[in-house]
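Note that the chains are named A, B, C, D, E, F, G and H in the order they appear, and that numbering of residues resets to 1 at the start of each chain.
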Amino acid sequence: MDAERLEKLFDQVRADKLTISAAVAQLRHLPFEDLGFAKIDHHRALRQGFPEVILGQGKQAKDIAAIVRAMRRRKSNILVTRLDAEKATALKRLRTGLKFHAAAHAATWVQKTLRVRGKGTILVVCAGTSDIPVAEEAVLTATMMGNHVEKLFDVGVAGIHRLLENRLRLDSAAVLIVVAGMEGALPSVVAGLIDKPVIAVPTSVGYGASFNGLSALLGMLNSCAAGVTVVNIDNGFGAGFAASLINRV
Amino acid sequence: MDAERLEKLFDQVRADKLTISAAVAQLRHLPFEDLGFAKIDHHRALRQGFPEVILGQGKQAKDIAAIVRAMRRRKSNILVTRLDAEKATALKRLRTGLKFHAAAHAATWVQKTLRVRGKGTILVVCAGTSDIPVAEEAVLTATMMGNHVEKLFDVGVAGIHRLLENRLRLDSAAVLIVVAGMEGALPSVVAGLIDKPVIAVPTSVGYGASFNGLSALLGMLNSCAAGVTVVNIDNGFGAGFAASLINRV
Amino acid sequence: MDAERLEKLFDQVRADKLTISAAVAQLRHLPFEDLGFAKIDHHRALRQGFPEVILGQGKQAKDIAAIVRAMRRRKSNILVTRLDAEKATALKRLRTGLKFHAAAHAATWVQKTLRVRGKGTILVVCAGTSDIPVAEEAVLTATMMGNHVEKLFDVGVAGIHRLLENRLRLDSAAVLIVVAGMEGALPSVVAGLIDKPVIAVPTSVGYGASFNGLSALLGMLNSCAAGVTVVNIDNGFGAGFAASLINRV
Amino acid sequence: MDAERLEKLFDQVRADKLTISAAVAQLRHLPFEDLGFAKIDHHRALRQGFPEVILGQGKQAKDIAAIVRAMRRRKSNILVTRLDAEKATALKRLRTGLKFHAAAHAATWVQKTLRVRGKGTILVVCAGTSDIPVAEEAVLTATMMGNHVEKLFDVGVAGIHRLLENRLRLDSAAVLIVVAGMEGALPSVVAGLIDKPVIAVPTSVGYGASFNGLSALLGMLNSCAAGVTVVNIDNGFGAGFAASLINRV
Amino acid sequence: MDAERLEKLFDQVRADKLTISAAVAQLRHLPFEDLGFAKIDHHRALRQGFPEVILGQGKQAKDIAAIVRAMRRRKSNILVTRLDAEKATALKRLRTGLKFHAAAHAATWVQKTLRVRGKGTILVVCAGTSDIPVAEEAVLTATMMGNHVEKLFDVGVAGIHRLLENRLRLDSAAVLIVVAGMEGALPSVVAGLIDKPVIAVPTSVGYGASFNGLSALLGMLNSCAAGVTVVNIDNGFGAGFAASLINRV
Amino acid sequence: MDAERLEKLFDQVRADKLTISAAVAQLRHLPFEDLGFAKIDHHRALRQGFPEVILGQGKQAKDIAAIVRAMRRRKSNILVTRLDAEKATALKRLRTGLKFHAAAHAATWVQKTLRVRGKGTILVVCAGTSDIPVAEEAVLTATMMGNHVEKLFDVGVAGIHRLLENRLRLDSAAVLIVVAGMEGALPSVVAGLIDKPVIAVPTSVGYGASFNGLSALLGMLNSCAAGVTVVNIDNGFGAGFAASLINRV
Amino acid sequence: MDAERLEKLFDQVRADKLTISAAVAQLRHLPFEDLGFAKIDHHRALRQGFPEVILGQGKQAKDIAAIVRAMRRRKSNILVTRLDAEKATALKRLRTGLKFHAAAHAATWVQKTLRVRGKGTILVVCAGTSDIPVAEEAVLTATMMGNHVEKLFDVGVAGIHRLLENRLRLDSAAVLIVVAGMEGALPSVVAGLIDKPVIAVPTSVGYGASFNGLSALLGMLNSCAAGVTVVNIDNGFGAGFAASLINRV
Amino acid sequence: MDAERLEKLFDQVRADKLTISAAVAQLRHLPFEDLGFAKIDHHRALRQGFPEVILGQGKQAKDIAAIVRAMRRRKSNILVTRLDAEKATALKRLRTGLKFHAAAHAATWVQKTLRVRGKGTILVVCAGTSDIPVAEEAVLTATMMGNHVEKLFDVGVAGIHRLLENRLRLDSAAVLIVVAGMEGALPSVVAGLIDKPVIAVPTSVGYGASFNGLSALLGMLNSCAAGVTVVNIDNGFGAGFAASLINRV
């Protein structure tokens, strides 16, 4: 429809029925949505080698399988996040070809070899063993987005020496993702030791006055160390994604 | 710049250097922001006879005066909201020509005669005398936007007969704005009596567990009467604006 | 009792034992509740063609079935909301004649042909696929209340072009219902594009700091765009009802 | 032990080994807990005809049964509150002799005939059908504590006429318990109509921004009608107990 | 209008154009608001000897003075609550004849001698010296409403012996008002000692995690002692009013 | 009165008018408050060398002066907390003999030489310079209660080396008070380094999402290091008091 | 690696290729993490006779069993906390040799005879029977850490006499742990009766406005009795641990 | 002391009184804090050309002046943040040589010429004019840290076209800081348009249910667009600092 309209405009110009300036003026006064060609390129992410992402939470296994099958035709890699054990089992039965990553509660389908495009290493640090699933989600996301990723787990602030013994590893990272529940203090300590961007991920680990991660979230937002930015509670994917963008700056 | 680009495109078509379908394709692949002509008409509101609105809160008197002077040149009416007593006094000294409405903590400048375009009457109801400033802000806003507005004040639920005695007035309104603080119960009662849209405005009137209007806000959001929608605490302007839009449907 | 009292009054008037003005005065001074005849017409809604509504949540399938059977005798249409899958299955076994709408978690029984009484189109917009059940509840409600309803789904603000490509549809609606979870930003963007009433519906979609819809709710209440009013979290029914009232103003 | 000590003291006085004033002084300087006789009479409640109360919530059926059997020996009446369906079924199998009250989620064992000691009628009012379990808990509690209790259910503020039609019943009560969820507005309206103590009971009925009864609780605490006092969310027992105390003043 | 309508009805009856039962039926079907005579008697409170109450908070001294002058003509007693020091000073200059009660932040004007109508003693208990202003507001309110009122101040739970030494006074009261800030524990202890209605008043006394009285409010709502009901934070007036109603049951 | 009653009882025993067992039984059935001698020794604290404490907040300078003068007669030391600059100035003019401690917002009057009774050193640690007033309140309180107190200030977790350089000082303390605002992470780190009781004091230092100390409070309550206990926001006095009790165990 | 580096340094010194002061300077300028020998002794706790602790919550039975088996080789005692019934059953099947403590939802493995090292008695007090699991967790923790522990259960503030009758037991404790849900008032009363450290443990016992223990937590933080410190909601382990540290000061 | 110890160790090695491996072992078992040389280099930030930063909030003008004077000797640049108008005026009188930036509520002292070390442009975007002070704080911080910074102000989501017209500027930035109050929706829209790191800064702009920036904060944390990270409310400095770190990755 819009194509016709445009063609007619050009036609009139070519036939000298319309002056060029009149044609430009007409275009200028059309609201862009009438033109139909003001498409914003939403495939930019894909061209950069990012995977397509499916949020598993809130979707049924059969729906996820259908989406995966559709996506596979587009030749891009796929990351499915937030798959609980039950849904993963159901998905396995559906033979989608997905590879499951139990630790990260996620699944992937890698069609195009992952190329490392991030400049430096993304180091994912976590405070306690209960924070590991969120940390692994960050690791997997950053890996799928083309980064060299390393892990430094179980280095909470109550045993500060374990963190300090790994200062060289902290120093050699380009971007850090720091995952912690409870009081959420680890990002402050880490950011105080280095001069690199730190993305803090509060987790819902804890009980009582942790209020499902609120305590860690507030702690991280109020970090006394500059350079810390924060994502939503348990949002390992978001942290991995943001770190990937930072690692390409 | 963009004009040049477009002219060149038409030139090429006219000169048969470019087929029409190729020209259309080129246009289609330009991101709209490069065209520079995808202007969204933000003067639509003004053409409908709405006033220009200045939020007085957070601005200094001299800045408000400057904005008013600039706006007066555009030939539209002006509404300045959230003027506390002190700021109003300062503004008066600056001789902007504004008319002050103490009850509504607002000021206006009417250049074009207000035409009533709203179909029915907007009735502004409030629960207690302390809610009146917010109610008056709604009244003034709706008036400035071209509506016939009536008031029914001090008819809180603790003296339900005062409200019931005015049922005819409730019935004859096209849209109702109901303003209340404390428990915020009035909109539920009103909406239960009529079949018209009710916009509920919680106020920060109260103390202790009213938590600056949170109590009234939650009460209104949980209204057991269907047909009630809610705006922000103390947002008389927003209610008046929304009611005006509704009154033109 | 009250009837006797009234009859006696008329008796006295007919027998000229009481002047008419004295009788009127007596009536006037009786508190209305003693009269027993101050019936408020609560069937007004039904006469306007609205369906009778049953909130399925918190009721057992057999109770809903019983209510539906009783209502069918009244010759009005019926809308049952908030039926989870399990309850819907139980209800189906009870053969009530209800038609189930899985997407809206609802059921209907249409006895009287739905007549469109709303003046314009109600457009229901939603941000993500997870918001669809709430959006569908709004669609179904507004349809059952006699409106022409259209849908525009999955146009969240993170891909703003999808929304902008549909500006003509936004413009042609009389009333808009905008459903969104997470940050709840969509109503602000929509209300900034048009001059029509926008009813915002926050959903409990999200996790972590979304706090079961609180984040979206606060976002919508603080909308920077005038003309937005808000209903309770996940309250698609309330939005559909309010939109229907607005569409008849 | 303490008895010995006291006897020795009296012995010394009788034997003139200790002057009376010295004995009194000794008593005066003993911390009361050493005396062992400073028993506060905790059977007072029972002597007034109150039942013994067992909170069923958080106890297993077999534990409740054991407590009931022990209590039955004490010859007092028994009230077991907060029995969900499953626990009630389990208890029935244990043949405790309890009588179950499904509507109130409670059970009773009446050994001593209930004597009405409260002076007036306690009227229990509730807003919606979902509030009935809490209201019935209040009814049963007040009945078990020796009061004449009446009910007025499903008279929410969105259909104010149903309440107004029952003004005579409101007027004739000595104490009122008003139960409501959602916006919790009913107690304000009731208290505005009468001059009797009103105990407001918020319920967790609602969804979204009702935040499990917080909305109703705040609404009731901020009641614009004087004379309203409030108990915890869903605390029908507490309201029935307090009303019983008031009814004996 | 309504009068005409009624007169016409009586006219028809007198002229035998309408049977009495038909006339009664017609009245019965008129919505009460059309009659215009459904006045609810809102002077009931005054007839019982209650004072008229002005909430000083949020009103300017000159407005309070104007209201007081108007009320004095009605021959009722007056209670003005929530007068801060500054407003009280301004009011004194306006020579309204009010008597000021600094401790209660209130003022009164007693025209009709206060008659004690409450049956028993209302005992106002408070936890700390900082709670006294709220306690005094309760004392003054209950006194103005015709009760014998006693005080028991500064008996907080951290020094439980001071409270226990006064058990006789607790026992001899008919109704108790218990005022406390911080953790709000006093009402639970008091209610555990007696079998009388206890109205708990949380105060905003405290700092940090007292959150302006929220801590005390929650503590009182969760009282482990049955028979406690609660009013809003700092609402000494409300407690005094409710206690007065209870004392007349 | 009670004395008379007791004397009479002994009299009867001595005169053999009452058996001893009957007398004991009589005593046993008297409620303790009737005896009047069940005094709990509230001077115990003073005998242990603790000062008398006056909370300055919420009291006027003249009232504080009056209390101080009265206390000086009792021969005990005095600690006045929470004196803002203005109140301190007013107090100085009243010549109470108090010594002012500006850093701690407090004043003292030491009449009896402070004797160190605490066994070990109490170390008061704080995170930032803004936390110092609260830390100094703790220092002064613990000093006035007879402890050897040391300070380690400005050792926040963002510069963890400053803390680590002082590990010997941490190790040599018997009890630690750790004061921090913002994310409140310092107590976790400190408690992870030592095996001593740590009392954490959240401060209201910070802005935005620190919510006046809530962030630090939650962080401390959720400390991942065992051995941490917490007091109210800004409650340096409470921490100093608790540490003093611990230091005497 | 670091060992080599150090050996080389000593080698050079021994071979007189490096002066001692130069060697010291070199060491001084190495960041400690490069040395690799800056091990902080994290076995200190174990040397003091503390058990190793496994948080059962969030771990699967098989993982707990694996950890226990690994730990048994280290010759230390073991405490497993937060085992729900189901997980305990699963663990029993895995034959780990653990001893289960149903009341405390915990399990232990005692290899080295527990030696009492704490100086005094730790008294664990709780308010209601529902608080017992948390109290038992504190009892077990303190016992496993080498303390003499006593219990005083079901002495809530609503029946204050039960507490007062046990004042001698309160007085004879060195440290007190006070466990309470609902309004959390018990620690204030206890701390007012004694001069010993009181650790308050809020529990999630309650319903409605107890908000899962928030009410008790706030109450305890706002305790009007000095000397109270608080741990997280339901954190019996943390209280037992902190009390153990205090009991060794 | 530690030097002596080390020297002695080397001495023993040189004198062959200690084998090298024994000496290494001894060093290895010393806790690092005994060595005294484990200094962490906290001057790293300064060496990178970052300014020294003084938080003006909570400090008096004279204290700030003193700190500035001390810092000037260290030859580094200085940034003073959060200076309100009054404090700025006081500081000006103290002639510190600071340059004031009214829009950013900040001051600077640039001694060393600012060198641009950041790779790309940092674009600071803000939603409304009231958000400008926070945005300017971010601009100034990033500039002082050696970045090329650009501004795009007043492009809120209610007028989405203003943002879209500037898409080229968004695309050409390396890092974006997006500042918004009210519903905080702007970062989601921006992050949806580009593939660069977005740091979201919520502001306390708004009223009522904005709860001092909580609404914007929650909105940003729940952003539906991946790649968004968040800092504390009004924390323009923190955003500028983090963006600077990112811009050097």
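The rule we apply is simple: a contact is a pair of C-beta atoms (placed from the backbone, for glycine too) under 8 Å apart; a residue touches a chain by one contact, two chains touch by 3 or more.
All figures in this text were calculated on a predicted structure; none of them were measured in a lab.
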| item | value |
| --- | --- |
| Shared interface partners, meaning chains that touch subunit C and subunit G | A, D, E, H |
| Comparison of D-F and C-H (more C-beta pairs in contact) | C-H |
| Farthest-lying chain, centroid of Cα atoms versus that of subunit H | D |
| Centroid-based (C-alpha) most distant chain relative to subunit A | E |
| For subunit A paired with subunit H, centre-to-centre distance based on mean C-alpha positions, whole Å | 24 |
| Subunit F and subunit H, separation of their C-alpha mean positions in angstrom | 38 |
| Inter-chain centre distance, subunit D versus subunit H - centres from mean C-alpha coordinates, in Å | 58 |
| In subunit D, residues with contacts to at least two other chains | 31-32, 38-40, 159-160, 164, 193, 208-210, 214, 217, 221-222, 226, 232-233 |
| Set of all touching chain pairs, with the criterion as stated earlier | A-B, A-C, A-F, A-G, A-H, B-C, B-D, B-E, B-H, C-D, C-E, C-H, D-E, D-F, D-G, E-F, E-G, F-G, F-H, G-H |
| Complex interface listing, subunit E residues touching subunit D | 40, 44-45, 48, 53, 119-120, 174-175, 193, 195-197, 199, 217, 221-222, 226-233, 237-239, 241-242, 245-247, 249 |
| Interface residues, subunit A side, partner subunit G - complex | 130, 159-161, 164-168, 205, 207-210 |
| Interface residues, subunit B side, partner subunit D - complex | 127-128, 156-160, 164, 182-185, 188-189, 191-193, 206, 208-211, 214-216, 218-225 |
| Touch list for subunit A against partner subunit C, complex | 31-34, 36, 38-40, 42, 57-58, 202, 204, 212-214, 217, 232-235 |
| Residue numbers on subunit B that touch subunit A, as the complex places them | 3, 6-7, 10-11, 13-14, 16, 20-21, 23-24, 27-32, 35, 37-41 |
